[in-house]
Structures are given as structure tokens and as C-alpha cells.
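Letters A, B, C and D mark the chains in the order given here, with residues in each chain numbered from 1 onward.
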């Protein structure tokens, strides 16, 4: 249902880039979960622009939790969060010439010219600040249950990072390391931070932008969560992930590499680990069989397209005048959103995991345990 | 919500592979749409096993529409369809040793040993017969509005088919050609039918299976359909598509190829066509910007994993005995489901398109027009 | 969403009065719940016409569970049930003259003349056979948890039955007595069966029909279930109950009698019972405060309008000819549906209770316990 | 889904009585609808306490629309509204002794002692300020289509007001008169304002409170809106209405009076009016047949229980100490919420009507017309 997502734990998002505020409502989270403001701030910091590779529009994200948290804990009623927009420069935005690969033209068609087009309006990446704020609370709820989520840049241009490991224990360490990274740094597992930085700077220097691939792992989810039809873990995650501006592909485990595999290679053969637990020897299915968690790390990749806003001259259409024009986009933009998008992916994944757990185990799972 | 999908036009699915029947309910389709049985039959034929590349379990799919159609037209009330299972051979299935990459083990964990495991139960590809039946009715509703859907095998093993063209008119011709293919033939645009056939036969001869990539195009959808959050066209389609057994990745337009593109290459620049309509010069966004249709063909790819059921010996766990065992899967299976899956993708895509249209234009859009 | 109701345990209904079959799908019920066919049959018997006070259309309701039950237990996947229509006499129904207070005219407007009007089509009370079938399975799930539901005729014409008692233990006995009534008998607590029977027969003898009030009690529901906004227990129950043809009012506890009460009389003062449990000294709130169960019996009344089909001459409009005409309704009808409706109310109430429990405690609550 | 209600036009509500703010999000309302602040203010004024019959807690309701409205019109994206709480006096509230017929005890059980209990928290009537704010925008959308909603006090204690008339034209005049009433006045059709005022003052003087019955009429809705199962107009309205604190019964048309009617009296016979339109000679069905609008005024009554907060001594339980105690409620309360509740009923009814229209006619119905 449009700007609300989730069945038993849900999130409602509102706000425009240059409006008064971004807002988010979390519903369905049970009472008694501690809300640690320092963690919310650290998550917001991961999303915040920083250094040369990001937009110069820096917001301090002075969020206010206006409901649903009392004495430092969730009350069980909806958590409303407001994040005022401060650093807006609307005059940079011109209405009429559609920025290629942006939503300008479709917004004009859908909203008949009534859209708040300034800064991309409701389509802006700015709106994701609400997701990250809410996600931070949801991640705290998951962490109580030993569930962890981490995302790194798997590739950017010609640079490839190391993939997550196979076993949960090792993946958990990789997640911890990613999540404790310094503010402004690029999330990677291997030693490719400088190489990716250089790719981005190079694109920027050419008034261009660059895409990439994010890889996410989730460990600690119990077996048996998700449904065969239609609320598969893959389906719910992808439904939510495609909301993030720039995500144009989602694949689980081996994903598109399955296309030229044989079953004998692709199949994850089963075994017992040293504790007698059922595990798989490979994780080509990304922790999900038949739409349902199998206990292995949930692993998926998101394809992120290059930021559409580039300084280079492009041809387009002025939809007000219905004529072809050239455009050189000014304003403040990221040459690559992939660094900042990683924490957004974590946040929205946390929403889906919380929702799945509340559906399977009931609303109080976060305080009662699995 | 589990086995029901869709907001305004929805579908509810039930049935197990070796149970009495598969069933499906379409809800929300307005009154007055002609239901042509010969079209339903031809769609079912596309899904039906045929020749050497498919399972020898052939069902005649003698569906019965038990409600919602009267005098050859929809009544506006829910359309219930029952497809009895006839050709079941349950003794081929053994309970305990988990077939690798199948849902056997997660089903055992989720349903505590009460699942109807025969033939994969509710996880079986057999259940998709309900989708195809319902999809045939939904496709008829779309065709009335000039909307067409077609799917071909973009790759299988090392063989690649030609992609869909750029322009809607040309894509429509490609779709028509695909949809008028002979029963049992492999859906391709280029001249690769024999090559794909050989890839599949080769895998089969090695007691193995093979994966592939499906590419789907939808033409005729109006501009401005879909939402920025969370009911993006990409999100809704992927949510539904990941239900199809074996789909492990969904990408729109350039998808994962975006990862190493620059914005100046990736961006779809806009232009006016000879009729003064806004079009894009490329379609890397697959017809969708900001989650909303832009009027170009909607194009997406699904990664299909190799059929998990292979004759080769594999190691696994017998979950009843909690011990490691070897398994050689018998029974009747497809060496590649990709041929038969194509019509399932069309069907589920039709559901999402119908739902989007009913949401945007109201329930009677299919008789009143856009 | 139209013909599907429920968030975590849901029900999808399809079928027309004179179509091939009525069907129902239960989704979300966990695996491992015994399904006792004799109980389903006894519930169907309570709904079946019997004797002089009911329609002569008697169906044997030969239901078939086509999925979701295996070896006598639920599998955790959707339970599909088909109940063929056997005893149909379509020629009794004429299309054009709208039967007053029936849905004929609105159906014509909504479905543009494509509705299956025979026997009331999808609006027919016949469709409730699906609800009762499904409800029987849901009631079995509730009984495992010690939750019981019973409904009696609180009033019919000028006859009033005794209300349910105050305390849970006593109410449970009244429910047990109601539910063990003989097939065809009228569900009452006090000694008013003959008086009600006479009211109905009198109406019938005048070619007329009569309405009434049903009162339902539910005992055993845990405290703390339901939501303040919008999924109150009252809201969910009433949403479902108003689907039943003829229900035109729903009130909880004192309901409309609150209108002229003072707070000092209306308020349910709290006390500790002999076991130290919090109870209320009265139950004017019908077991619900702020939308949430308080542990007292849930008690509500449904107003049932007189069966619209009467033999007396009435004036109406022939909507095909757009002219005023007189109508004398033939066919087979109940002079009062209130007796047969009682088990339908139980069934739909069971759905809402199951849904509330699965939402609060998780999907496996029915096998794991509260 | 809990704090979100509506399928295609939906509303999400958050906030506690003594928290920072109440908030509401409207989603699904199309672009281009004028938002008139003076109308919102006049609706808020109708809900605001006034004079001797209401709580002395007066809030100026300085709402801020933080998103979704631009240049005085809706943008088509979610409308976020924040209404800060100003006049809070938390020290009046004591935690432990449950106020009879309030939600204190169930909140304690549901939220395990983490609820924000001050002023009733999320259960407070204060939260309805969000509904009225949102409702004012929704009512403006409906008015554009000629649809009007009005509510009056049908009874309070022993005083009865005149019911709405039969014909739409006359009802529209009654609605207009009700809605143009002076701020602080009691909404009635007949000449009973003083009598009702006296009933309330009398209850108040006895440290007591009083209940009542509200009657609502909606004119201008097209025929054919609503569904037979489960989204009947009655079901959707009642689902929403029971959220309003104090509503314990909802009846449509003759409602509970049907219980002792014969069909020949109860049935609404059809006729053609002077314009050849189909109308009914009575409106016992309250404008709805088979769950679907028939074009007559939609008429329903809500039973409102007496405000539970009374100054009289009552016996209760201190749930923290688990012991019986006496309670005399202090703080600021209404002796009757019925006057202020009327505009809340209008607001929530507007939500349901908007949702029904958007479902039937598509999202742009409010600018394109029916």
C-alpha cells in the first residue's frame, strides 16, 4: 500500500526534499525495546554526505521522536519521527526540462504538474533519512535477538570487493567490522577502499557519475521464516529494496550467475556441522529455499545505477513546452550514491526481517526472544 | 499476505502437487470481460511438458471455472478455478533425505513434519498451473486495452538470445511472434532454439540440469502508473516473480550491468518521436523511472536456477534421522524449467499489471478503457 | 480486500448460489491442527434448513477439502474447500424486477447486467456454507486453546431470550449447552424456543418474514489482544459480521443501551476474584476496553433484518424496463434466517479470533499454546 | 493493519496525549485538490472543547502540514500533518489504579508497563485531533464531488432529536445546516439543543457523565460502491468507527429496530422519482443493500458510552500492587464526549468514502469526477 510497507511491523514514509520535514512512522514494534539515540546518530552519520565523493548538501538530521518512545523504551504504540529539512537550496531546480533517468517526467504525468519538484520532492534520496532513522530502531530490536545485518560495496566500476564468507560465524565478524567503520569511509570487506574512491573521483572529475553493486548479509535469522507463496523472503525484500532510488536489480545467492550453471554445481548440498546442525556446503541459494530461511546467512546483491544527475550536457525534453532541449544539471549531487545507500539497504532489510519475525513469532518476539 | 497477492486485483492460490486439485481465485476483476476458453487452453499448453526436455508427468489440466464467469463473461465476483491433479505418482517420493536446493528441509522445519511432501507439495511447480489459468484470464483483460506481455529465454548455459528491441512497436511484434509459437517450442527471438535445446539435452544426458535467464517485455502500459514508495512497479513485479520456484534474481532494464556504467552512458536521454510523444533514446531503465511507468516498454530479466532435482549422486542430510546420507533423485523432473516457466512469468506479470491499472484507473478500467 | 478477510489468518470466499460450487480458502493456519470431519458436518447441520421455519432448499453440503489437510491434520499451507451446489432451481428467478431490500438493483448497477442473478448469486445466503465449513476448522483450532464461541437468539419479534451470564465460567456452560443443541432446534438460553418458533410460523403464515437479534459470547480469549487504532476487536469483528446478509447493526456489551446511561452506572468497576485475577463487576463493555480484550467474556449483538423475500405483493421497479411494477416473490425462502445465521456468526467470529491470536502470538499459537 | 486504515486512500495515526505531538499521514489522495486552511480550522474548532460541557483542556491545535501540499494543493504524495501538544498537565495522572471502563488495565497487560499512560496516552481522545485534521482535507475532496457528510446527536440521556429526512435533497439541507453551526454549539436537527445541554450539565453537576447516540448521513455517493464480501460499506465504516473511543455500537438504517419488524414493513419498496431515477420509498437499509450503495442517503447511528472519567468514587484495582482500591478521578474531562465526537465521526466517515471512491473509480476520481 503505497507509502506504508510491512504486515505486522510496518513503516510509513512521508516528506519531500525541500519541504518542511521528512517523517516516518514505525508501527507494530512491541513495547519495552530500548531506543539508543547514539546508535541512531551513528546510523545517520553513515548516510550523511562526507568528503569529496558526496553531495555538498549536508544536513545534521536533527530528528525528533514525537511518539511511541517513553523513558527510553518503545511503548508499543506507533513511533513517529520527524526530521526537519534545513539545508535546502530550491533555486537550483528548474521545472520543465526533465533530467534524464530521473523521475521528473513521470512525476509530471502522474501528478499533473502539482508535484513538489524542488530537489526531486518525494523521489529524492533525502527521503531515505527517514528510513535510516527508523531502521536504526529496528536494527536495535534485531540485535537483541542476535540478528545482524551488514552491507558492503561488492563492485563499483571495474573494482570488485571480496564477497561475504560462507559460514555464519565468519559472516558475523565481517558484518561487525563493516558496521564499526569510521564515519565517511567506504564499506568494503577487502582492501579496495582506495580503488573505489578513485573510481568515484574519476567519474566526478569528468562531470559524470558511476554505479555499483551492493552485497548484504543477514545472520542469525531462525530457520523456517517466510512463505512459499507470495510472501517469500526474496519477494518481501525485493519489494522493499526496489523503493530505494537507483536500485534496478536484486539477486539472491548466486543470482544471475545461476543462468549458466548446472544443477550439480548450483545445488547446495547439505551436511551436519560439528554441533549436529544442518548446514549447506555452499550457499548459492543465499540462505533461502522455497522462499523460506534455511539458517544459512541470507545474502543478496542490489544493482545500483549511476546517479542520474551529471554535469555533462544531455539532450532531453522540456515537458512544459513539449520541445527538445539540452540540459546541464547544476545543484548538489553525489557522483555515486552507493556508499550512502549501503545503510539504507541495511535499514530496509531490518524492516523486512522484523516484519517476518513478528508474523511468525508474534508481536512480542523482540522482548520474549525466538 | 501469504497465498493472496494483489491490492485491487488479487489472486489466491492453493493446492499441493499430489493433492486432489490445484485451485486459484481471481478477485477484483470487473464484470463484462469475455473469457475465451481456447485462449486459456493455449496458455496451459505452453506450460505443459512436451518432448524430451521436460518431465514425463503430463497433465491435461482439465480446469473448471466454478464461479465468477456466467454466459462467457466475468460477473465481477471472484472467479474460482479448480484444476484436478490426475497424473500423480506419490511413491517416487521419499520423506527424510532432503533434496539439495529444494524446500524439503525448510518445509520440515516450518511445518513440523506435517507438510504434504509428496511431489514437493505446495512448493511444487505443479501449483503454477493455477497461475497460468488465472493469468490467461488476466491477459485477456489486458489485451482489450492493447497491453501485451511476452517472455523469451535470454540465455541458457552458454547460449544467448537477442534482446527485445527498443521501440514499443517493434517489441509488440516480437511479443506477438513469441506468443504465437508452436506448442512445445522454445520461446526465443533470434535463431537459437536448437542451440538451447541442445544445452538442455546435454545437461539431461549427464543426469544434470541447467539454469537460464528469462527476459520479459510489456508494451502498452500507460505512463504514470506505479508509486515512488513502496509500490514501485519494480517492487510489485519482483515481489510476485520471486514466488516462482527457481527465480533467484530480478533486474529491470540494464539491471546489474549498471554496476560498471557511467551516468552519461546509463542515462536514458529524452526526445520527441514523430508523433510528438516523449520517448527515451535508450531504455536502460526498462520503462520505469522512480518506480513509475514512463511509457517505454517495461523490460526485465529473471534469473532461473537449474532444476534442483538431478539424477547425479549428491550428499545431503536425512532430517528425520539427523544423519548425513547420499541421494540420487528419481521421479519425473525437468532438466530445465526455463521453457515452461516463461508462461508463468507472463501470467504473474499480468496480475501485477491488472492490479496497477485497477488501482490507478478504478475497477472498471478493463471495460471502460484507460 | 474484497473477498479475502484477515491479516494473519485469512479466508477467501467464492461462489454463487446456482453456480457449480461454493469455495473457501483458509490461509495462515499453522500445521499440525487435527481436522475432525464429524465436527464440520455437525456445524453444517446447524446451518442446514430444517423443518417448517426454513427454506425447502436442502443441500447435503458434500464438501471436499482439496488442499492443506493431509493425514487428518493441517499442513500449514492453504486449506481449499469446495462445496458443490446440488439443489438449484434457477427458473424460479426472474431478472428485471428488483426484489425490495435485496441486492438485485445494486448488483445490476455495479456489474452492469453481467451478474449471475440466479438465486441471488454471490449475495446469496448459500455462500455462507463456505464460511461455516471454514469456521468449523477454525473453531477446532480455538477449542484447543480453551476458547469457545456460542450464539443464541436474543430476540425475535416480541420474544426475548435470557442474556449470557456475567462470569466466564457460567458463560462457558451456556455456550456448551447451545453448541450441543439438537439439529434443527432454535438456539436459546432460556425457555423461549416454542415462542420464537411461533413468531416465525406466524410471519410465514402471513407470507411475511421476521427479524431478530443474535447475541454471541466468546470465552477464553487472553487479555491484551486487539489494537487501539484501527484494528480494535470491535472493528475487526464488525467488519466481518456486516458481510453476513441481513446484519444491519453490531453492538458490544451494553451497546445502544449506553445512550441513556450515566457513567457511574455504565462503568465496569474492577475487582479481584477469588484467584486474585482482575475481573469487572459488570461487563457493559463486552470484554473490550480501548479496542483490547480485558479477559471478561466478549459479548456482542447483531441486528438481523427480516428476510427480504416475502410472498406478499410489493411495489418495485423493473430495472431492465425502468418502470414500476408489482412483485410477489416465489421460490424457496426462509421466513427468518436468524436460526441458521447463528452458526455463521460463530464461524466468522472464529476467523477474527484466530487472526487476532496469530497476530499477537505468532502463527504457531494453535499448536504451541498461548 | 493497526494504526493505518484504508486500502487506496489511507490514514496513519500516531501520538500520545502528553507526548510532543499528534501526527497523521494521508496517503493515496491524488494531486491537485485544493487544501483550504480555514476549513481545517473550522473543523478543528468543532472538536475543540468549549464552554461548561467540555474539558477545560483547550488546545489551539496549531497543526503544520509538513508534506504533500504545495502551493495550496495536494501533490499526490503523502500528506504529513503534525499537531503539537501544548496544554498538558501530566501530574494529574496516577499510574496503578485502573480507571474503570478506561483502557488503563488492558494497556498495562498489552504493553507490559511500558505504555505512556499520561492522559491516556495513545488511547486518549486527544489523538482524534489528527483524524479531524486529516478528515477536513478528505471532506474537501468529497465536497468537490458533491458528497456531503453530517452528524447530529440523535439522543442523549432521555432527549431525542429528530432523525434525518428520507430524501437526499432534504438530507443535504440538514447536513448543510448542521455543518454551518456555530462553534461550541450542539449539533442537532430539531429544537433540542437546550435539553441536551441540560442533560449534560446535570450529569456533570453530579460528578457523573452521560452517553448518547450519534446519527450520521452521507449524501451524493454514487450507486454501486462497496462489495458483497467483505468490504461492505457497513463493514468498512464500522471497522473505522469502532476506533473512536466510546463507540460501542454501529447500526445502519433501522438497525436494531429491525429485530421486531416484519419483512413487509422493513423492506424498502422501490419506485421511480420524478426524474425517472430509482429510489426507495423508505430507507430502512440506510442506503446500502448487499454491502453496496443504492443511491439513497447512507444513514447510520453510533452508540457512545458515557465518558468513563467521572469524579464519583468508584472501586477498582491497583494493577501495580494487585489490590482493590477506591478511585476518584481528577484531571480535566468531558462529562459527555458526544458533542465533540460528532466531527470525528464525520472525519472517519470521509476517509472510508474517499477510500471506496478511489477503489471503484481510481485514484484521480477527486479531480476527474465520478
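Note that a contact is a pair of C-beta atoms (placed from the backbone, for glycine too) under 8 Å apart; a residue touches a chain by one contact, two chains touch by 3 or more.
This is a predicted model, so every value here is computed, not measured.
*Asks:* Along the graph of touching chains, what's the shortest path length in steps from subunit B to subunit D?
*Replies:* 1
*Asks:* So which one's got more C-beta contacts, A-B or B-C?
*Replies:* Greater number of contacting C-beta pairs: A-B.
*Asks:* Taking the mean of the CA coordinates per chain, how far is subunit B from subunit C in Å?
*Replies:* Centre-to-centre distance between subunit B and subunit C: 38 Å.
*Asks:* In whole angstrom, what separates the CA-based centres of subunit A and subunit B?
*Replies:* 27
*Asks:* Listing for subunit B: what residues touch at least two other chains?
*Replies:* Counting only residues that touch two or more other chains, subunit B contributes 1-4, 7, 13, 77, 110, 122, 228.
*Asks:* Tell me, which parts of subunit C touch subunit D in their complex?
*Replies:* 1-5, 7, 13, 98, 100-103, 105-107, 109-110, 122-123, 127, 155-158, 203, 206, 208-213, 223-225, 227-232, 234-236, 238-243, 245, 247-264, 266-272, 276, 278, 280-281, 284-286, 289-294, 301, 303-310, 312, 314-317, 319, 322-324
*Asks:* Which part of subunit D faces subunit A closely enough to touch in the complex?
*Replies:* Result: residues 1-4, 7, 10, 12-16, 19-23, 25, 27-28, 30-32, 64, 66-68, 70-71, 73-80, 82, 110-116, 121-122, 367 of subunit D touch subunit A.
*Asks:* Taking the complex as given, what residues does subunit D use to touch subunit B?
*Replies:* Per the touch definition, subunit D meets subunit B at residues 7-8, 77, 228, 358-365.
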